[in-house]
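Note that chain A is present in both complexes that follow, paired respectively with chain B and with chain C.
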Partner chain A sequence: MNEQTNASQPTAEIENLTVSLPVPGGTLEAVKGLSLSLSPRETLGIVGESGSGKSMTALALMGLLPPGARVEADRMQVGGADILTMSDRQLSADIRGHKAAMIFQEPMTSLNPVYSIGRQLTEAMTMHGQRYDTARTRALELLHAVGLPDPEERFSQYPHQFSGGQRQRILIAMALMNSPGLLIADEPTTALDVTIQAQILDLLKEMREKLGIAVILITHDFGVLSHHADRVMVMLKGEVIETGRTEAVLRKPQHEYTRRLIDSLPKAHSRPPPPDGTALIEVEQVSQSYKFRRGLFSPIRTIEAVKDVSFTLSEGETLAFVGESGSGKSTLARMLLGLEAPKAGRIRLDGTDIASVPDKVRAHLLQPIFQDPYGSLNPRMSVSQIIRRPLDIHEIGTRAERAERTRAVMEQTGLSPRFFHAFPSQMSGGQRQRVAIARALILNPRIIVCDEPTSALDVSIQAQILTLLEGLRGRLNLTLLLITHDLGVVRQMADRVIVMQDGQVVEAGMTAELFAAPTQDYTRTLLASVSAL
Partner chain B sequence: MSAVDLDLEGEPPLRATLRRMRHHKGIVFGGVVVVIFMLLAVFAPLLTPYDYATQNIANRMVPPVWAGGNWTHPFGTDHLGRDYLARLLYGTRISVIVGVGASTIGCCIGVTLGLAAGYWGGRVDRFVSFLLACQLAMPTILLAMALVFIIGPSTLVVICVVGVLHWNLFLVVTRAATMRVREMEFVQASRALGASPMPIITHDVLPNVTSHIIVIYTFEFGKAILAEATLSFLGVGVPAPAPSWGLMIAEGRNALFFQPWLVIIPGAALFLLVIAVNLMGDGLRDVTAPEARQ
Partner chain C sequence: MLEYILRRCGLALSVGFTISLVAFLLLNFATDPAVTMAGEEATTEEIERLRALYGFDRPLYLQYYNWLVSFFRGDFGESVHWRLPVAELVARHFPVTLLLAGMSLTVTILVAIPLGVLAAMNPNTLIDRIALSIAVAAQAIPNFWLGMMAILLLAVTWPIFPVSGNNTIWHFILPAFVLGLSSVPAIMRLTRTGLLEVMGTDYIRAARAKGYRGGALLFRHAMRNALLPVVSVLAVQFGEKLGGAIVTETVFAINGIGRLAVQSVLIGDVPVVQSLLFLFAMFFVFANLLADLLNAWLDPRIRLA
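Moving on, here comes the complex of A and B:
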C-alpha cells in the first residue's frame, strides 16, 4: 500500500505557510509562517486552544479552506504533489481522499444519514472511476481491519444503526479507502466516551503501522498526545511556538505557554476530608424509566435510565458521578433539580421528600451549572438580565438591590463589570461559563449540581473554571455534586466518587482510594482508558 | 463603584439596538415608505378635493396625467367617473387596517397555539395539530365567503375573517421553533429555579422565536391585503363604494386592455407597501438577532 511514496521523501511538507482570513474590519492571520515535515509512519500531534490555527493548517493541506482565505507558502506538498499550484478540480481528483484524507470530530454528523454506510464507503472509490466490485471488496476488507463486527451483514445498514464509536471506525475506514499517504484526524475522539476514545486511538496507531501512513493528530488533550504522537507542535494564535519529540516537549517544555498548558491539566489533589455534615440529599433506591413508542401501532418500549440508585450527599462535601453517556448520571441530576419525577424510590432534600418541597424552596437549596455554555444562556438576554433572572423569578429585592447583587456575584465569579450589558454571543466559552456560575450563585444555594461543567472548554480555561469552583466551594461552603466523564476533573475536585454504568451504581468510594485500588472491572477499564501523562 | 467602572459597562442594550436600527438601510427605507403611506391615509381629505364615492359618468375613464390626461384628475378616473387619486388615498386606510388587523389576529392565534403545542407537547400538541389539519383541509375562500355572507360584509368582518383564516404559518413556525428552544439548557435552568411555565414562555422562549414571527408577520401582512382583494373581487369583501386597493384592482380588471392604469396604480401601491413592510421586518430581525451584537 502506498508504494508510490519512497521512504526518504516526506509524506507532507509545508514551508512558511501563512493563511489569512477576511474578517469584518480587516484580515486575520490564522496561521503565521508555519513549517512542518512529516515522514511515513510518523504521527505529528498539533495542540493548541480553539482559534490557534491548528484546524486551519489541516484544512490548508486538503485545500479546503473557507472561501476568501488567502494562502501563501514557499512550498506545500502532499505525497509529492505541489498543492499550491493545483486547481480545486485537481485537488478533488488527486489530493482529497487520495493522497490525504481527513476524519472529523463529530461522528454523528460526518456521515450522511440517508445513505447506507456501504454506499458511502464505496462511493469514495467509484466516484473516481473504480468498479463497484473492487470498491466493495476493499470496503469490507477495511471494515474488518477497523474492527467493525460482521461487516458483510452491516454493510447495507444506515448510520443511525451504529454507535458513536462504530461510526468513528467507519469514518476511519472511509478515509482509508483510496490508500492515502496522510491521514488528518481533527479531534477524532473528543465527542466519544473515554473507553471508546482509547479504542479509537489504538486503532489509529495500528492502521498507521500496518499501512505505513503518516498521521496528523489535532487535539487539545495532552494525555492523548503523550501516548500517540511521535512529535508535537504547540500552536498559539497562528504561530508554532514549540515543536519537538513528544517526551522532550512534555518533560521539558521550553516555552512558557506550553508549560502553562501542561500545568493546567487537572491534577490529583487532596484536601482534608470535610467534617461529617448533615445529609443534604438522601436518595433511596431511586429508579427512572421512560416509555415510548416509535409509531402509533408499534409496541411500547421501556428504557430504564436509572435502576435502584441510593446515595447520600452531606453538607460541604464534593461527590462526583462518573460514567459514560447513557449511564444515567444526567437523569439523576434532572430528578434532583425537579425537572422530572422518579418512577420509584425516595429522594429527600434536607430531610423533606422532594415531591413536597415547593419549587422555589428547592431552587434556594440547589442550583445547576450545565455543560454547554452556549446553550445554557438565553441568547436574547444581556448578562445582567441572565444573572439577575433568579431574583426576578423569586421577587427578591428592589431593582437597585438586584442590580447591586448582580454586580457582587459578577465580581465573585471574576467577570469584569464591562460585561454588564454584554450579550452571551459577545463572550468566550470560559466567560459564559462564569456567567452560568454567577446565575447559579445569586440565590446563595447550598448545593451546586455541575453537569459536565468543563467538558466544552479549552484546557487552560477548564483549569480556570475548576480553580474558580474550588475557591467558591471553600469561601461559600458549597456542597458540590459533580457529573462528569473526565476522571482528571474528578481527581482534582471530588472527595467521593460514584461510578455508574447502565443506570446502576458499579462502585463507590473515596476518590484517592478508588483511583488507587478499583475493585470492579468496569472501573478498572475506565481508569485504564484515561491517557494520563 | 466608581464612575470609571460604570463607564466601562457599555451601552445599554436598548440604545444599542436603536443605534443599529438607524444604520440599517432596509429599516430606514422601509420605515420611511410605511410612514409616508400612513400620512397619506391619515391626511387623505387634505390631499384631494374629491370624494372617493362621487360619480361623474360624463367624465369616466379619464387616463392619468402621464398617459394623456389632465391635472384635474392626476391619476385619472374609473369606469364610474370617480377620481382615482382620491380612491387610492382613501383606499390606503382600508388596506393598511386590513393588513395590520388581519395579520395581528392571525399572529395572536397562531403564536399562542404554537407556543402551547411546542412547549407542552404531548396531548396539547396533538390537539393543536388536529386543529391545524382541520384548518388546512378547509376550503378557505369558501369558508370566508360563507362567513362574510352570514354576518354581513363590513371592514371589521373582513379583517376578522381574514385573520382567523391566516394563522397556520404562524402556528407551524412557532411550534417548531419552540420545540427547539424548550430543549435548551437555559430553559431547564429556569425550571430548576422554580419558574412557572408562563414566565418561561414569555422570557425564555418567546424572545428566541420572535425573529421567525417577524418574518411570517410581514409575509402575512401582504397576503392579508391580497386576501381582502380576493374577497372584494368575489363581491364579499369591503362593501362598495368604500375603496380598497383590492376592490380597485378587481373593478379595473374589466378595462385591463384599454385602460391598464386602473390596475397598475393600485397594484404598484400595494407592491410598494408590501416591499417596505418586508424590508422593515427583515431589518428588525437582523438588528435584534444576537449575532448582530459583535
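Moving on, here comes the complex of A and C:
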C-alpha cells in the first residue's frame, strides 16, 4: 500500500507546467504555465472545450503524454513523488495505478474485451507482486462499494456482459484497487445516458468522502461541476483563464469566456406559443418492430422499437422527442423520413399518407439533420457540392442559379464564402454541422427533423448551432422536430415535449409545464438527473 | 459454447455436402469418365465395358448416391492406374503432406509474428521498413523459383540439405521454408496492423493508466486481441498448404498428396481425382471450422454470445 501523505501536504501539485506537442510544421503548446494544488478529499473541476489542454494536464500528471511531447515545469509532484525526475519504469511502478489513477470517457471500450473483469481488477495488484487472494478480496470489496450487483457471481464475467454504467462502475473500482491518493476522471459521464450520469457522479463523490481521495474532474459541462466540484479551473487554448471556488465562479465569472461558457448552458426559453397552424405531420398509432436472428439456426426474435405512438406536429411549432438510447425516438425519425415503413398505424405528411407521397415531394416538405457532422458529409465532395446536391438531384435551376442559391444558404447559416471550395476535412465540427443545415435548407423544406443535432459538438459550439436553428426557425417559418436526449436543448428550443421510453410515449405536454410539474416517475428521474445550475 | 460448436459443425457438414455434389457434377460434366479412364487408344467396346464396370451408365443421382454411401464407409473407390484402393493411396501420401504443412506453418508463425510485432512496436522507423521490405520481397518471389534457388544454393553448391525426396526430416526443411515463407507477408502485415490498431484502443490506454508498460502491456493486454484475425487467416493458410502444396511438392519431388493429385490428373485416374478434389475442399472446411473454434476460445464475445 502507499505511504499516506500527511494532511498538510497537497496530494498533487503542479507549478508552471508547459506541455508542447510536435505538430506538422512546428510545435503546439498544449498547456502553458499551468499551476495547481490539490488537497486530500478535494475535487477540482477542470472545464474547457476540446483542445483546451485539460486532458493533457491530466496525462502529464500520469506520465502518459503521447510520444514526442515535451514537459517543462518548476515542480510537479503526486503523493510526494517528484514526477519530473522519474523514468517511465518508475512512473509505471509507483505513480500509475498507485499514487494516481485515472478513468476515461469511454466505459464501453476501456475494458479489454477478451479478459474477465475479475482478472482485469486483480491484475492491478498482482502485477505489482501482491497475492491473488488479497487482490480478489479487495476487488470484491470495491465492486460492492461501487454498487455493482452480485459481484461474486459476476466476477468471472466479461465486459460485454455489462451495461455502460456498470462498466464505468467497474472502471472506478479498478482505479481504486491500490488505494490511490488522486483519482483523475476525464469526462467520466459524457458517454452515458443522463440517468446513469447522475449515478456515476454521485458514486465518485461518495468514494471521495469514504476513501479520503482527491479528485480531478475533467469536463466540458459546467452543469456537472456545479454539484460535484469544490473548485473549478477554466482552461482556454492551454491556459488557465480563471480559477476559484465553484459557487464564486458560477455566480460572478471574471473572464468573458467563462461567462460565455456559463451562458451557453441551455436555459428555459420563453417564446410565445405558436398560433395553431395546420397539421403538417399526423402520426396515428404507429408501431415498428424488427425481426432478427443471431445465426442461421437460432430462433427469430422480435424487438418492438416503437409501440402505438400518436402525435401531431403543426406548422411553425417545435416538438421535441426525449428519451434515452433505445427509446425508439430515432426509429420514429427514420419512419418520418420515409427510410422505413411502419408495421402498423398511419403517418400523414401534409394531409397525404406517407406511402403515397413521392420521394421528391417529401424531400421538399421535410429534411433531416443528423447527429454526426463528421459522418454525414461525403469527404470527397466540396462544401458547395454537398450543399448543392439536392438541387442537382431535383434538377432545379441552371448551374449559375444553383451556385447562387448555394451562396445564399451558406450566408444564412453563417458559413463564410471562403469555404465554398473547401472540403469537410478542413472544417471544425460546428462548421460541418452548419454545412449539414445548409444542405437541409436548400430545398426550402417546411419541416426539419433534427436527430441529436448538437450532441457531437462542444458546448459553446452547441449554443451557436442552437441559436442558428432558432434564428432560422423564426426567419423561414420552419417547423422543427427535435430528437434528443439532452433536456437542456429541449428547454431552450421546444414548444412541446414527448417523453419516450422503450418505444412508448410516457408523457407529453408543453415544455414549460412538463418541466415544472412532471406527472410520471420516469420524467421526474430524467429531469432530476440533469446537472442544471 | 456447446451450442456454438454444434452449430459450426452443422454448418461445416452442410458445406461439405454441397462441395461433394459440386465436385461430382464438375467431373461428370467436364469429362466422360469412361473415355478418360480407357485412355487414347481404347476401342469402343473397351470404353463401354469400363462404363458398365464403374457404373457410369447409371443415372447421375444414383451414381452420386452410391459414391456418397461408399465414401462414408471409407471406400473411396479404386485407383485405375495404381490398382490400389484410393483410401490406401491417400493414407500413404497424406502424412507426408501433413508434416510438410505443419512444418511450413511453424516457419510462417516463427517468422511472421515476431516481424509483425517488431514492426508494430517501432512504426515508421527503419525496423518497420526492413520488416515491410522482407514481406514485399517474400510476396514478390514465386514459389517455384525460390524452391529452385534454395536447391541450387543450399543443396547443390553447398550441400547442406538433401536435394529432393522425403526420406528423412532433413528432406523437409528446405521445402517447409519455401512453403512457409509464402505466407509470411500476409500474416506479418496482419499482425502489424492488428497490433497497431489494438495499441490505439481505449483499453490499452486504461491498462497504461493502471501501470502496464512495455512487454507486459504487449503480451498481457494487446496480443490476444491482435491475434484474433491472425488465427483465422493462419487456419485457412493451413488448409491451403494441405491441399495446395502442389508446386512445392513437385519442385522438391516430395511424395505428398499434392504430387499424387498432379499425377492422377495427368493420367486421368478419375476415382483418385474425384476423391482428392473433395478432400482438398474438406481441408478448407475443416480449417475454417478450426479457426471459428479457436476464435471462440480466444474471444469471450463469441463464446458467450
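Criterion: the second predicted complex is superposed on the first by the 530 of 533 C-alpha atoms of A that agree within 3 Å, B and C clash if a C-alpha of one lies under 4 Å from a C-alpha of the other, contacts with A are read in each partner's own complex, and residues count from 1 in each chain.
The working rule: a contact is a pair of C-beta atoms (placed from the backbone, for glycine too) under 8 Å apart; a residue touches a chain by one contact, two chains touch by 3 or more.
None of these values were measured; they are calculated from a predicted model.
Once chain A is used to superpose the two complexes, chain B occupies space next to chain C without a clash.
Once the two complexes are overlaid on the shared chain, A:A124 sits against chain C while remaining clear of chain B. In the superposition on chain A, A:S382 makes contact with chain B only, while chain C stays out of contact range.
Contacts of A:L339 after superposition on the shared chain: chain B is touched, whereas chain C is not. Rounded to the nearest 10, the superposed model shows the Cα centres of chain B and chain C diverging by 30 degrees about the centre of chain A. Looking at the shared chain after the overlay, A:L64 reaches chain C, while chain B stays out of its contact range. When the two complexes are overlaid on their common chain A, residue A:R407 makes contact with chain B while staying clear of chain C.
In the superposed model, A:I393 makes contact with chain B only, not with chain C. Applying the stated contact rule after C-alpha superposition, one finds that A:D88 touches chain C and leaves chain B untouched. When the two complexes are overlaid on their common chain A, residue A:F423 makes contact with chain B while staying clear of chain C. For the pair chain B and chain C, the model built by superposing on chain A gives 6 Å as the shortest CA-CA distance.
Chain B makes touch with chain A in their complex at residues 1, 5-6, 8-13, 16, 184-186, 188-196, 199, 203-204, 207-208, 288, 290-291, 293-294.
Partner chain A is touched in their complex by these residues of chain C: 7, 10-11, 201-203, 205-213, 216, 220-221, 224-225, 228, 298-301, 304-305. The part of chain A that touches chain C in the complex is made up of residues 62, 64, 88-89, 92-93, 96-98, 101-104, 106, 109-116, 123-124, 127-128, 158, 160-161, 171, 174-175, 294-297. On the side of chain A, the complex with chain B involves touching residues 24, 334, 337-339, 358-363, 366-368, 370-372, 375-382, 386, 389-390, 393-394, 407, 416-418, 420-426, 436, 439, 443.
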